[in-house]
Amino acid sequence: MTDDKTQKAHLSRRQTLMMMGAAGVAGLMGPAAIGRDQAFAANADASGQLILAFSQEPTVFNPLMPHIEVDEGVYYAVFDPLFDFDPDGEYFPILVAEVPTVANGGISEDGLNWRIKLKEGVTWHDGTPFTAEDVKFSLELTMDPDFRSFRSTGYKFMRNITVVSDTELTWEMSESFAPMAAILASTYIIPKHAFDGVEDKNTAPFSNAPIGTGPFKFKERMAGDHIELEANADYHMDGPYLKTLIIKYVPDLNVMYTQFKSGDIDVIGLQYISPDHLAEAETLPNKIVTVAGTATFESIGLNMTRPQFQELAVRQALYAALDKTSIIDALYYGVPTPTETYMPQQSYYYEPDLPKHEFSLEKARKLLDDAGWKPGADGVREKDGVRLSFTNSTTAGNHLREQAQQFIQQTFKEVGVEMTIKNLPPAVMWGDYWMNSGFDSVVVGLNTLSGADPDTSDYFMSTMSPALGGSGQNTFAYQNPKVDELLIKGAASFVPEERREIYQELQRVIRDDLPFLPVFQYAVIKGRKDDVDGPAPNVNNRIETWNVRDWKRT
Amino acid sequence: MLRYILSRFGQSLLLLLIVSFIGFAVLNLAPGGPLSQFALSPGMTQEQIDKIAAQMGLDRPLIVQYFDWLQHMLVGDWGTSYRDGQPVLHVIESHLFATLLLMGTATSISITLGSTIGIFSALRRRSVFDYAMTVASMVALSIPTFWFGLIAIYIFALNLGWLPAGNMYTVGDGSVLNYLKHLIMPACVLALVDVAVWSRYMRTSTLNVINQDFVRTARAKGLTRRRVLFKHIVGNSLVPMITLAGLQLPMVLGGALVTETVFTWPGMGRLFLDSLGYSDYPVVMGLLMASAMLVLIGNLAADIAVALIDPRIALE
Amino acid sequence: MTAATTTPPVRQPFIKSRALRRFLSHKLAMIGLFMVLGLTFACFVGPYLLPYDELYIDLRARFAPPGTGGHIFGTDPLGRDLAARLFHAGQISMAVGFAVMVIATTVGSVVGVVSGYYGGKISAVLMRVVDAFLSFPSVFLLLALAAFIQPGPVMIAVIISATSWMEVARIVEAEVKSLRNQDFVQAAHMLGLSGRWIMFRELLPNAIGPIIVAASLTVARAILLEAYISFLGYGIQPPLPSWGNLLNGAQQYLGSAPWLAIVPGLAITIAVTGFNFIGDGLRDAFDSRAQGQ
């Protein structure tokens, strides 16, 4: 992979902060990365304790079962994937001796044969040696029809997993599928011996007493309060440098921030510091506060089966009437970055030259006038008996988003568009209502990528819409033959330069077509005490503990 | 007597059955479900969600699910949590201590303070104190608990910085003092409403006792006010409070739920809200049943206690 | 509460007027009445007197403290006038309170009168249902219900009613039971009047005192419960304001904009206190024995 990062023309204060964060990482990653290929450094000097707080409670400890973001916060500490993404989107080896590529022969030219070579001498937390059998078990369990597994994408092409030796295994793919590597990067390997003689693997004792190969051992869980992890002295990479890692559950963002301020917690994790506290947080003594971009993008998703949204002119008009700047600067305190696409700007596959959004009520009105949408008696536009009126839904209780919604409602009204707010409790919102496209429009934050891989077939392929008889996550019910063609082409190619062309074109097509109105790419405000070293942004992972093995107190 | 207790017990069981059916129907008839929390995760396709739903038995008719649940319940199997795969009883148990600590402290405060206020109000009937307490208790009953909690946090945690804004203790510091610092604000907030209730009832109860013959006799015998007060009035007025304690339970539990939310207290109320958010039906059902049982046991115990004291009730 | 367990006299019209006189001379009740009427007036007339529309968003005026720029109670995170929002919220919250009063009192009265009149098995079944509902902590039940419905004022009123009718049912049942065997009911039986006539034309009017007391307390309770569930995020949803959901967003800004929490909380407290005072006055007015205490 060539490293030609796209330079940003204008740097806002936040972006500068982000870049500084990234620079700090590079400095820190250097020495660590060197040690990475030679396994087994002596890890005698683990010391100190660190309290990391999350505003949700991690509860699922079998990483192959359905889980949410926060659970992965624990997985990175307790388990290891075969390999993972660094902040630049490059793979680095963890349990494997080298990351399989077409170049090194790990993946065959046609992408149908895979060969994985594992590190030697790795042990599980209970002392049992780690072997290729464990990897085979983890992959097969994921495919087991009786097991509640987290994902099937990619795995359904996997065949004939064969253990060649304790440190080597091979398998075949029924289709060439480039995103498979990224899927493996978020597949944590679990021990086969923990499931010996277990009848129902869904309820194995392992789920509450996980054993991994990761830098920390699972010590104790106080339900509803915290999880205590302790250093794995036999860890096979550099680290860990902390004796104890406590993952604390603080269900309220204000309380979490207050505790960060008072020093009760050392690192403020998932859900982070809320944007309205940014100004104050930056002035706190002995604290390091950084803004880091994530791969999640906020958009107004449109249900493309609704008559109101059939015309491109309508979608363009709605986009023109969207006052992004006010939403980002005022409601979100300038923390997120405006975007035109679903691809994070840190990605190698990001298309920087998309048409720039321009907020103009004039333009919106003109677009609608020209397309023949005339204001009715109540001021709401209509055409051929269709009123330009629709509902907009999101999770009830997400305050910032609800504020944005109400603000958008007001600006839309000024161009003769009636948007009614219909928010639902989370369990209802993201159930059938979302999956089967029961909504008119939604405000949603989505991460459509698997790690750094650019494939988004599950979300944008026309055959992936449950509402149209498909079985994926294309809940906008978006259908575009050109998009389908590009997605198929992109998933079959293993050449980064080639894939980049394809996915950049895809972004241009989607930007022109506007099945969703992109608002911004999320950024989160992370905070830590200044004696904590290690936490680093990584847009390719869902949570900050991705490098917890490197964290230390200074 | 035994027959009375048995029949009351039978009635309670029947009640639990009704309660369980209502609860189950309410939860499971609703749209959404436990899998919706995964809908935004990459790779969680409709196909995958359907598969997991079938594995968990969520695609069966409601009535089948209910009888399946009931059958397990009858042999003491409360099911397993959808979230962490732990037995429901274990999940509830691990949150029980926090709630009991909070409720216990709050109840102690409210009984002590409430009884004292009630007795003095009764002894100084129609005084300024009595009148002020009447008004104060009615206002206290009208304040939303959570709002009172917010104001307390604003004053004592955010402005004065005397007390922590939430949680039960600081990790790594398990000292009693640390617990106390975290406990005092939520316990006082939760106690507020109960102080009002207790003082009202205690006042009425004390008034009833004061006017009875034995108190007049005691006074006539020339016993000091203090002796009469402690020996005769206080003891006798507390008896009717037994029933009240039983009846107050659901209210205290409900209050604890809201208080725990405001103060991020790791108890059953917090668990209930979290479980509701994740549609963890087995745990939600478990908590509904547990609280219903607690309430029924409370009522039953109070009834029996009163029946023991007053045998005429059993004849009804 | 005590009224429920004793046998009240059959009330004649002139006693009612005496009750009214007693109510009017009850100081707390008058204060309560004043509070409730004042607040109602503010909520329904106030919006016309304010210079700002409750829906008008002005991002430049975010978080204006009370008293600045003509905002008597300040502004919210979208720069909307809090006073205007508060008054509109009051209309919703009070409407929910009254709706619950009507529904809960009606349901409770019907259940109570049927149960008390027929007695026996019907009574046993109905009263067990009442007990079943009473044995849930109502906030738990409310949340369980609210988490899965389309949250709007009507549905919220319905589910609060579902957890508020039992008290009335118990009171009416006890009242009717004690009246059942009295002369005027026996006379009605002999005249061949139907059960329905006797229940609703003879028995119910005689239980009207305790029902009115319970009704006024139900309003107070309903306003509080609406605030609870909306505060926890399961009640009435923005942009429709209610006192509870104004508070829901306020916790986040407790440090920087405390008025967002203080003002709606005060409104709730005033309204609920008012109704409780009125209830207290009514109880004293209808229950002549209470005069002694």
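In order of appearance the chains are A, B and C, and numbering begins at 1 in each one.
Methods note: a residue touches a chain if its C-beta (ideal position, glycine included) is under 8 Å from a C-beta of that chain, and two chains touch if they have at least 3 such contacts.
Fair warning: this is a prediction, and the values are worked out from it, not measured in the lab.
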Chain contact graph, described as a line, ring, star, complete graph or other shape: complete
Two chains sharing the most contacts, counting C-beta pairs only: A-B
CA centroid of chain A to CA centroid of chain B, Å: 40
Rounded Å distance, chain B centre to chain C centre (Cα mean): 22
Centroid spacing, where centroids are CA-atom means, of chain A and chain C in whole angstrom: 47
Chain B, residues touching no fewer than two other chains: 30-32, 158, 277
In chain C, residues with contacts to at least two other chains: 147-148, 251, 254-255
Chain A residues counted as touching two or more neighbouring chains: 252, 254, 425, 427-428
Complex contact set, residues of chain B against chain C: 11, 14-15, 18-19, 22-23, 26-27, 29-32, 125, 134-135, 138-139, 141-144, 146-147, 150-151, 153-154, 158, 204, 207, 250-251, 253-255, 257-258, 261-262, 272-273, 276-277, 284, 287-288, 291-292, 295-296, 299
Interface residues, chain A side, partner chain B - complex: 49, 51, 57, 59-62, 66-69, 145-153, 183, 202-203, 207-208, 222-226, 246, 248-252, 254-255, 258-259, 262, 264, 425-436, 444-450, 458, 464, 466, 470-473
Complex contacts: residues of chain B adjacent to chain A: 30-52, 55-56, 80-81, 83-86, 91, 94-95, 98, 157-158, 164-168, 170-172, 264, 266-267, 270-271, 274, 277-279
Chain A residues touching chain C - in the complex, by the definition given at the top: 252-254, 274, 276, 326, 330-331, 396-397, 399, 402-403, 405-407, 409-410, 421, 423-425, 427-428
Residues on chain C engaged by chain B in the complex (per definition of touch): 28, 128-129, 131-132, 134-141, 143-145, 147-149, 220, 224, 227-228, 231-232, 247, 250-251, 254-255, 258, 261-262, 265, 268-269, 272-273, 276-277, 280, 293
